[in-house]
Amino acid sequence: MDDLYREVIIEHYKNPGFRGELDPHDISFEDENPLCGDHIRIDLRVNENEVVTEAAFSGHGCAISQASADLLLEFIIGKTLDEIRQLTKDDLLELLGIELGPVRLKCALLSLKVLKAGVYGLGEASDSLVEGD
Amino acid sequence: MDDLYREVIIEHYKNPGFRGELDPHDISFEDENPLCGDHIRIDLRVNENEVVTEAAFSGHGCAISQASADLLLEFIIGKTLDEIRQLTKDDLLELLGIELGPVRLKCALLSLKVLKAGVYGLGEASDSLVEGD
Amino acid sequence: MNPLDIEAIRKDFPILQREIHPGKQLVYLDSAATAQKPTRVIEAMDRYYRWSNANIHRGVHVLAEEATMLYEDARRNVAGFIGARDAREIIFTRNTTEAINLVAYSWGRANLQAGDVIILTEMEHHSNLVPWQMLAQERQVRLEFIPVTDDGLLDMEEYQKLLMLAPKLVAFTQMSNVLGTINPAGEIIRLAHDAGAITLVDGAQSVPHIPVNVVDLDVDFLAFSAHKMCGPMGSGVLYGKTALLEKMPPFLGGGDMIRKVMLRSYAPNSIPHKFEAGTPAVAEAVGLSAAVDYLNSIGMDAIAAHEHEIVSYALEQLNQIPGVRILGPDADRKGGVVSFTLDIAHPHDVAQILYRHGIAVRAGHHCAMPLHDRYQIPATTRASFYIYSTREEVDHLVQGLEQVKAIFG
Amino acid sequence: MNPLDIEAIRKDFPILQREIHPGKQLVYLDSAATAQKPTRVIEAMDRYYRWSNANIHRGVHVLAEEATMLYEDARRNVAGFIGARDAREIIFTRNTTEAINLVAYSWGRANLQAGDVIILTEMEHHSNLVPWQMLAQERQVRLEFIPVTDDGLLDMEEYQKLLMLAPKLVAFTQMSNVLGTINPAGEIIRLAHDAGAITLVDGAQSVPHIPVNVVDLDVDFLAFSAHKMCGPMGSGVLYGKTALLEKMPPFLGGGDMIRKVMLRSYAPNSIPHKFEAGTPAVAEAVGLSAAVDYLNSIGMDAIAAHEHEIVSYALEQLNQIPGVRILGPDADRKGGVVSFTLDIAHPHDVAQILYRHGIAVRAGHHCAMPLHDRYQIPATTRASFYIYSTREEVDHLVQGLEQVKAIFG
């Protein structure tokens, strides 16, 4: 049996460390997964060296999408924007530590997609930001 | 093996007794089978008792459609219009003496359809004239 | 009416034998999305391809004649199944969606002008919304919606008021794929006709599950899908009254739908062929016909009764679980569909965890976003039943939900 | 390139084993109408229904994920088969006819105005004529036709003249289903692009029989049908360049083609889903994918070479029969299609008598009435070949024609 709902996921879902909004922020982006209605907004504050100092997410959705956002923000604190641009699908899946079918993969990747679209300053979040391996 | 092309059919196809046009005529009608392009026109002369005295067909098409027209006209000479109105698909098939699949059936019935549409004085030949048993 | 012999019926469906996880047999509670197929339907198509496959209507060889006969027999069989008087009133499409689009493009564009009103309902599937939205946008047609009450019924008083707008068309689902509500189709149609409107019934959920008779209903158009009634994918049906179909312009152009073609113009064929352009899905029609035979052999009354029993039991059981909120009316007003939310877990997580136990349900908006908006919830978990569903499967569902609560509680 | 092992290939097709009359095995010479299906295609669909059947895209249970994966794998497989760079350029339709109608409705209605010119050819199948006639009628678009020469080729000089009309679209068949002519598609497309037109290729006859690469051709739209390439009925493909597809409005409205739906408006999904409304024909896509695998395992070059050999032999043999008149060019310019007339017998009678000998050919206008008008004949008899066709079958055809002459002579 898969361990999609291993404790760390449930823990981050029920008691997220980074839920909230940052106002003012340096970077903010939001998007949703039309398939299931999962919605994520991410706000970042970065210092003059482009290092992320603070991060928060808001929105709603399934445990996978919300826990993934929380784990992701925990991971990027102290990273540079350039390092964030290099993040891949595999990095995120490693953070989550689970295997996902194609439908739930979209839930997991939503936060990474939103994050990268924000960091790249794009008008629209594209699947190609998190695909391609 | 079926005897669709038994001698009488080929004979009526190659040497039809009633091919031609009647001018003037009392009744004339023509129609075609859009599926295969078979085309039949039938002209009739009737006397004051509504008895068919002369008949002719023209047009083009497969042996079944043309032989069927020739056999049909041979059969109706001397018949009344009322008798013609009573003719059914089975009557024609009996004249032909063959069994037909649904596609070729349309070829065989074209002459009967044209004949009855003409006798009924219809604007259009309808399949319902030769169906329904 | 005898209860169904479920044990025997389940043996007819090979997929129900599948083990999803070691020791966990498939519990398929997703029949509203698509029904499973009995062996006889699968074999009918298999036999068609191994024995009779040909293109139809224009061939004189035996394969072409057999294929034509099988295809037209399927049409007659489907006509009989819904009580249509004339097989020419049956048009084969890909699915319900295409059938409704056919009406919107052909009847709609020929008959509706700016300012004309179409009445729909708040519980429609996207398939019975978007085609009319497209038409409304193109032609400035006005869409109005019969509201849904808190307990999932159509507000018939509001409907009567909307009818005063003199609508040209009333299009509604006979059974909601989310709420399960079985709408009073006969009454809705009668009132529409009195107001001078024609009617379209989305029968995607009703035709597979309850007896439907187009003459009794006096409905003008009825659309449904083979794949939800034990038949194959790629096959759907539009029923239309002869008088309407004959006056409608063609929809798709191409082979078979024509009587004659010149370089710059064409003359259309008679119905139903006028609406079937190109090589049709013959094997799929054969499969649908086998599905109709299968459903007839069991009886639509018996099927409806069986589903009523299962859904009653499911409501009873689910209502006992704290935190479960069920959408839609009570069992007497609905078919075999139960959509619900659980307070502590998202529907996707619910479905995923159920699936760990071999239970296939669906989570999401079920192609009815506006209805979910109406209830202000983004998604639900849906269990849906069919001939092969059992009380034990409902018990599995309930046990699965207990697991969900254990994980998220 | 080795010649095909025809004996082995024929064993893959169950229907070819069928005895039509006692002692008379089926001689199937009607593959241009529809191809027969190898066991692996039939079994792929069978397995799908017995093991993985589910509705796609929105389910989290294993069946839904398997079905989604199978469906999207089929898309990628088809993309690879025609050399498309991106699987999103592949839209599943019912058949070639629907694919062409999709372009006429969506691209056509969004891009063409009164007075705009579309160039077609005199050898088009009704499927690539009627959709444009409908559009022309609705929008006062002007249709022009590349003439066909007496020996069945497109008149390229006339084409160049027509291009001076600055057409918006050039739509033509890559291979005629009557003449067998393989048109110089690359050149036609290049000239069209130079003149500022986009291009649509009807690949119904070419994709099954010769290697086709959309990137090499630089074609904008390509339409074809699964059932003519060893795949199932109810499945067709529209290839379109991403840039075009993304700008086109949706065609059919309903489930899956949307991103978001409100009561009175919707936002469309991205391509290819934008053009696939409602439950798609998943089993059929799986069948098509198996057919692609089958054709790839033999090789399109080998298939084309085999058909060239058979059609050369057929032309040689038929030309020796007095009274036979063959339409179209010589073997070097055509695929495996031979349409002919016999002076003393009508094509229907020819086909019927051949059929007595177990030989399935087609007689009629083959959905190309204007082409037959061009040659001033109402109908032809057509023999068409595929991977499983043999020289012996051509010999049977010739013997059958001798019988026709004996009866009518």
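Order of writing sets the labels: A, B, C and D. Residues in every chain begin at 1.
In the analysis below, a contact is a pair of C-beta atoms (placed from the backbone, for glycine too) under 8 Å apart; a residue touches a chain by one contact, two chains touch by 3 or more.
Since we're looking at a predicted model, the values are computed, not measured.
Enquirer: Which one of the chains is farthest from subunit C, going by Cα centres?
Expert: Chain centre farthest from subunit C's centre: B.
Enquirer: Could you tell me which pair, B-D or B-C, is linked by more C-beta pairs in contact?
Expert: Result of the comparison of B-C and B-D: B-D.
Enquirer: Go ahead and note the Å separation of the Cα centroids belonging to subunit A and subunit D.
Expert: Each chain reduced to its C-alpha mean, subunit A and subunit D end up 46 Å apart.
Enquirer: Counting only Cα atoms for the centres, state how far subunit B is from subunit D in Å.
Expert: That gives a centre separation of 38 Å.
Enquirer: Please tell me the distance, in whole Å, between the geometric centres of subunit C and subunit D computed from their C-alpha atoms.
Expert: 31
Enquirer: Can you tell me which residues of subunit D touch two or more of the remaining chains?
Expert: Answer for subunit D, listing residues that touch two or more other chains: 58-60, 62, 64, 258, 260, 348, 352, 363-364.
Enquirer: Going by the touch rule set out above, which residues of subunit B reach two or more other chains?
Expert: Each of 35, 104 in subunit B touches at least two other chains.
Enquirer: Touching residues of subunit B toward subunit D in the complex: what are they?
Expert: That would be residues 1-2, 4-5, 10, 14, 35-38, 60-64, 104, 107 of subunit B.
Enquirer: Within their complex, state which residues of subunit A touch subunit D.
Expert: On the subunit A side, the touching residues are 34-35, 101-104.
Enquirer: Show me the residue ranges of subunit C that touch subunit D in the complex, using the header's touch definition.
Expert: Residue list for subunit C touching subunit D: 14-15, 18, 20, 26, 28, 30, 33-34, 36-37, 41-42, 45-46, 49-55, 58-64, 94-98, 100-101, 104-105, 122, 125-127, 129-134, 136-137, 143, 145, 225, 227, 232-236, 250, 252-258, 260-266, 277-284, 348, 351-352, 355, 359-364, 366-367, 369-370, 373.
Enquirer: Mind pulling up the subunit C residues that touch subunit B in the complex?
Expert: Per the touch definition, subunit C meets subunit B at residues 57-60, 62, 64-65, 68-69, 259-260, 269.
Enquirer: Name, in rising order, each residue of subunit C that touches subunit A in their complex.
Expert: Against subunit A, the touching part of subunit C is residues 21, 345-349, 352-353, 356, 363-365, 378-379, 407-408.
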